[in-house]
Amino acid sequence: MSHRGYAVETLNLAVAAFLLLNLLAGLGRVHRGPGAADRMLAALLFGTTTVAVLLLLAEAMALPALRDVALLLVLLAAILAVAFTRIPRRPDGAGR
Amino acid sequence: MTQAGLYTLAASALAGIGVYGLLARRHLLRRILAVNLLGNAVFLLLVAFARRQPGYVDPVPHAMVLTGIVVAVSATAFALALARRYYAETGLDHLPEDEG
Amino acid sequence: MGLAFDLLLAGGLLGLALQVVASRGLFRSVVLFIALGLLMALAWARLAAPDLALAEAAIGAGLTGALLLSAYRALQPAEEAADPGPAALPRWGALAAAVLSGALVAALGWAALGLEAPAASAGREALARLGESGVKSPLTGVLLGFRAIDTLAEVVVLLVAFLGARVVAEPLQRAGPGPSAPGSGEPVLTAPLLRLVVPMGVIVAGYLLWSGGHQPGGAFQAGAVLAALGVLLRLTGRLQPAAATSPAERLALVGGIVLFSAIGLAGAGTASAVLAYPEAWAYPLILAIETGLAVAIALPLTLLFSGSAGLRWRER
Amino acid sequence: MTLAELLSTGLLGLGAAFFLTGTVGLLRFPSTFARLHALTKADNLGLGCVALGLALQADSGWVAAKLALVWGLALVAATASAHLLARCILRERGGTRRTPP
Amino acid sequence: MAELGALSLPLAFFLPLLTALAAFLLGARQAPWLAGIGALATVAAVADAVRRVAAHGPQAYHLGGWAPPLGVELYADGLAALMLAMTAAVALAVTAYAGAYLHGQGQAAERFWPLWLVQWAALNGTFLSADLFNLYVMLELVTLTAVPLVAMAGDRASLGAAMRYLLLALIASLAYLLGVALLYGGTGTLHLREVGELAGAGGPTAVAAALVTAGLLLKAAIFPLHAWLAPAHSSAPAPASAALSALVAQAGVYLVLRLWLWAFPALLSPVVGWGLGGLGAASVLYGSLQALRQSRLKPVIAYSTVAQLGYPLLLLPLAAVPAAASQAWQGAAYFIVAHGLAKAGAFLAAGNVYYSLGHDRLAGLRGLAPELSASVLALGLAWVSLMGLPPTAGFLAKWQLLSGALAGGQWPWAVVVVLGGLLAAGYGFRVLATAHAAAPPGGPVGRPARRLPWRMAATPLLLALAVYLLGVSAVPALRLLGQGAPEALG
Amino acid sequence: MMAAAYGLLPLAALLIAVATAAIVFALGDARRRQRTFWNLFGAGAKLVLVLVMAYGVLQGDTFEVAWPVLPGITLRLAADRLALLFAVLSAGLWLVTTVYAIAYLEGSGQRARFFGFFSLCVAATFGIALAGNPFTFLCFYELLTLATYPLVVHRGHPAALAAGRTYLIHTLGGGAALLAGTAALYAAVGEHPYTPGGMPAVAEWAAQAPAAATAVLGLLLGGVAVKAALFPLQGWLPAAMVAPAPVSALLHAVAVVKAGAFGVVRIVEDVYGHALAAELHVTPVLSALAAVTVVYGSVRALAQVDLKRRLAFSTVSQVSFITLGVAVGGQLALVGGLAHLIHQGLMKVTLFFCAGNYAETLGEHRIDALDGAGRRMPATSAAFTVAALGMMGAPPLAGFISKWYLGIGALGQGQGWVVGVLVASTLLNAAYFLPILRRLWLLSATRDWPARAGRAETHRGLLYPPLLTAAAVLLAGLLAAAPLSPLGWAVRIVEQGYPGL
């Protein structure tokens, strides 16, 4: 562990856990929909939250490589949105 | 409960979920997803094993998992291609069950 | 606190997995599976496997998601009825499936928890003898040094998956993500996004490739990033599917494997054995191989997504 | 606790709060557009706060720079994603079909 | 640095692989002769490996110079050498046959060659590798080359068969890998024999062994995990069918034997042995009965594969019986060789029928024999071996299994062997009688539409003759097999 | 060098037949003259080699070829007197049958396949004759099944295929029993060469495990009984009548049924030994079965209107005399049985040749349509008459000799009931053969026969073989006392090989 105190590490982990909880709560939207876009939206939220969690973990676990992971995630986050928008729309409610 | 133990258990449960998906669902895409779940379970188990002893991370399971991920993504991509062609050719999104 | 996080993560993983399997809508399952990939990346991070987290991020966020979405599109169920949920299974069938998977969970969990960590292991020896491999990152040492044959075979697996996908290829028009929706132009922000993301991605890939020798990263992660960029370019129409594999593409597809094999076989003469590197040259050779492999990983993955034999830049 | 640490803690808490807002919005807002707004804005603010908070903990400028890069990229990605999604929702509604200039 | 074995071991993997890459690089037009050269080179490497094993005993090659558990070991004992040699013979025939079969089919040829050659490399790797994880990668390589070959026809039936095959094969690989993960978790090594020494017979090892075995049994299409095989193997183009039945499915059986005898001998209690042997016996009987019910030639042969793959498993209950072990071991190993050659010959001959007539319905084969006499002869000759009648390798293999079972006092297995032979005769003669039948009145139905290239006519015949050559004496092969055999079986 | 080659004569004789088959297959259907040449050359060369071996054995030479097939298991060809008895029969009749078959199949299709399998069939028979141990016997026995199947279904029509199926079900079933029995024997005692009087190892084993030894003997005998057409396993033989006449001749006189009967001899005398078989209570069962078969076959023959079917049931009956001779025990009965091996072959091959001639020349195969055929085909009918009388056991023909020895031998063993069987058989034989002779010679033709094509009554290739074999039937009876007659040879075999009986 790094020279920084135990408290900071715990704090980071706690925030990470909170964010994770937040993320899992967001799953409700995937579940409820109603449209495909809503579900994708939720997935995008997961992406951002995951980035934040990774940054926190990088600090808490003293694994700087995790920042690279976060970087990679944000870099590629747009791909999903692009892929999604190329899926032909169907009438509301169909894209469950 | 140690961290490795926790993830070991999670991996076991994940494997069970994957197998259940394979047994209970017929849609090809779902089955491919289930296979991937099973794959993730195996990988998780390996990485949990690598972390069992304090202060030491076994690189060999990591190498196995990295190789496994490549194999899994290759197989998934091919399976999806095959499923699409099958669907295009037959209009079926599942395999006709021939026995039970 | 760490354990609390882990508990939450493991619970989330399992909950997501359950929903992937049990949810009624297929699209929902696909999205949940993509989300599951993110949680897996977190799990790798928690288990001190940043390499795997990198790979998962590149593959899960970039490739698998795009692949699944485009396959979902191709397999559009005409109506919900086409996909009977688990309820459609006869009750005894669902029960039997549940019992079987439950038994697997119990047996696996019992066996896995009951295993004592061995005192000596291949991993410990790998760490102890990492110096002999010519690189500083344990994972790269294992992948390209001690167990190089696995890595070689793994890249061949990718090539074979591409060849296999060619066998079952759909017509060019329907392949991969398919044609863009008719009548819609390109969204305004696409071009600037690409101008930013693509060069960044190439730089990141190069960085990962270079850093593989001493820290997390390496050929596979770099290749996955490049493949993700390829997917992006294919999605935005900058790359167009082509009916034939050009000679350059063929060379790129097999070049890495040939290079790896050639250096490996040469090892029988220049070093101690096949797939051994001469000591002084180990690092540069490994770097050369990794570069070739990154291309040999990126191109087939992109082609697999594209569903075509080749790719061409869009005519401007 | 040093000032930096205090500040960092505060920023992390603020970030978490933003994320929470986003999620609540995602779950509670009635329309897809409203959810889109809530989410993309709140989340990215949250990420920014977290990144800033972590930058305060960081030892080196490199780390801080990387954190900034991450945030910047996240903003770009979110902008693009939100734009694409909005367009696609619009079309899904069978509404305005615009060709770009 | 460990002592290095024969270079021919890695070459047996690398040569077909590089040939495949070259064939892909240069395209379909150059592929046949490239494949020919590569095949001959591979055969030379295999011959050298076999010679070394025969002369000096088991050969180990530490890739990269890293001794296990650190590195991956290629290990050729008598069993592996025998498998390599059989594979080389079948592969040579498949390569020669495919050159003529695919002539003029640009796209199919372009796709076939690299896939097939990689498959050969992966099979050699499977037989040689002594590393459990490397085996996983090789198995996946085999699967991912096999499935496209099944799907090649591109019609409903073949795509469905390929899809089912792929899904099950992926599950099988993952089950195997799950077992391997447990084994590594318990022993810290992936090396086959080290695992055997360290794993012991505890509960976790049993779970691991069960998972590994379930995966491999699925790959080997052992009852009740057999359902995928017949549609898959009968949909593929003839050269691929031959390779799938003779080599790919048998690789699964080979690994079952390899793992139980080398990695889990401690677990091989009578109950386990009887269980696995019982599955083998069920395969023999079920596959044969299904073969009797088919109305097309290729499915008959494919179900016969299901049946024949069951025989080698009969070794497992016998391996623990001292009086039976040695003979049963020889019988099982020789059986794999005999079945490989005969089945490849049968599938290639069936391919000739299909090539000539455009169909393989049994009802439409009446009066066929005069026109396709060489192919029908090859089919008949191969079938004699599948029935286990003299003077074929199949007979000698069955004799060893049978007398092993009887010497060990385990007569139920003997009954299975005898019954299986009778059933094989039943479905075999059903086909041959049709081919011998006079053309029905009103003109022959089975008149060839297409002339057969001589290479396609000759290849199955040569394979069938090889079965007879091996039927003249099994002594050299069994002497080779004795190199590095487990002590209990030697 | 010469000496080494001399020792390899059994192998050479075997390979000649195999090579003939291969050449004939390779020649294809079109090249008739070359095929005929090779057929005759192969048959002739083999006969010469077998006769050389027979002479050598008389001189006291031994011919033995052993080849390791599996660890501890050899393919062993050994020419003892008993082996040569059968080998000479098969080689001699092969030549004759080949001549006949060439003429008979003139112009029909698929001749390459036919003659190829014909040669293979003879190779298998020769291997059975010279087999030096049970494993070798088993190999050639199964090979014989395979080689004869295409001959049985040769014509390819549904009846032929049905007959082929019946044939296969019986012979493969029998083969399976023999395989199981042989494997069990090997598992119990390992490999031993045939030993006149029984293998000592088998005797030891039987002393320890009499039940197992009995079961194995039952399996072995059950396996060969199928081919020997022993009741109740005789069903295939009449069915196989659909095959062309030369095939029937081959199946009935030389190859299949004889292989079965010969197997009975080998198993009872050279594997277990008669004494042990009797001790295990197997020989009484065997002789009872043989007796039942003798009577049953004759009774069934009475009811047949088709000439070949009547001959087929006659075979069922007559072949069992060999088994009977073995089972009864004693030197004289065995001599009778062994002599009958040859005699029945000569007689039955003549009868089938003649039946084939009637069918081929006159187009008739029903007995009631042969009225007056003797005038149209006097030579054929004369040969038929000789053979039929021989079958009935009329002195001084061959059949009489064997039945005489059987009867005397049985009396010597105190089994007088066998004489009763013999008498019954003779009466029944007369009952089904004499009406045929009456029709041939005494009744006048009810229709016009097809005109003669040349000077002879039928194709020369069809005519000479039955004349030759009929002459042999006559000579074997007349010159039975000669040292080289079948009887003389049988006596030598028994005197020198089985003095203890």
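Going by the order they are written in, the chains are A, B, C, D, E and F; count residues from 1 in each one.
We adopt the following convention: contacts are C-beta pairs under 8 Å (C-beta built on N, C-alpha and C of every residue); 3 or more make two chains touch, one makes a residue touch a chain.
These figures come from a predicted structure and were not determined experimentally.
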Each chain counted as touching subunit A and subunit E at once: C
Labels of chains that are neighbours to subunit C and to subunit D: A
Most distant chain from subunit F, judged by the mean position of its C-alpha atoms: D
Chain whose Cα mean lies nearest the overall Cα mean: E
Which two chains share the largest set of C-beta contact pairs: B-C
Between subunit C and subunit A, distance of the C-alpha-averaged centres to the nearest whole Å: 19
Where subunit B and subunit E are represented by their mean Cα positions, the distance between them in whole Å: 27
Inter-chain centre distance, subunit C versus subunit E - centres from mean C-alpha coordinates, in Å: 31
In subunit A, residues with contacts to at least two other chains: 23, 36, 40, 42, 47, 58, 71, 75, 77-78, 80, 82, 84-85, 89
Multi-chain contact sites of subunit B, meaning residues that touch two or more partners: 15, 28, 45, 49, 52, 60-61, 64, 67, 71, 74-75, 78, 82-83, 85
Where subunit E touches two or more other chains, by residue: 133, 137, 140, 144, 147-148, 151, 154, 159, 162, 178, 182, 184-185, 190
Which chain pairs touch, all of them: A-C, A-D, B-C, B-E, C-D, C-E, E-F
Partner subunit D, residues of subunit A touching it in the complex: 4, 7-8, 11-12, 15, 18-19, 22-23, 25-26, 28-29, 35-38, 40-42, 44-45, 47-49, 51-52, 55-56, 58-59, 64, 67, 70-71, 74-75, 77-78, 80-82, 84-85, 89, 92
Interfacial residue positions of subunit A with respect to subunit C in the complex: 9-10, 13-14, 16-17, 20-21, 23-24, 27, 30-31, 33, 36, 39-40, 42-43, 46-47, 50, 53-54, 57-58, 60-61, 63, 65-66, 68-69, 71-73, 75-80, 82-90, 95-96
Subunit A partner contacts - residues on subunit D that touch it in the complex: 1, 5, 8-9, 12-13, 15-16, 19-20, 22-23, 26-27, 32, 35-36, 39-40, 43-44, 46-47, 50-51, 54, 57-58, 63, 66-67, 69-70, 73-74, 76-78, 80-81, 84-85, 87-89, 91-93
Residues of subunit E that touch subunit C when the two form their complex: 1, 4, 7, 10, 14, 17-18, 21, 24-25, 61-66, 68-72, 111, 114-115, 118, 121-122, 125, 133-134, 137-138, 140-141, 144-145, 147-149, 151-152, 154, 159, 162, 178, 182, 184-190, 198, 202-204, 206-208, 210-211
Contacting residues of subunit D [partner subunit C, same complex]: 73, 76, 79-80, 83-84, 87, 91, 97, 99-101
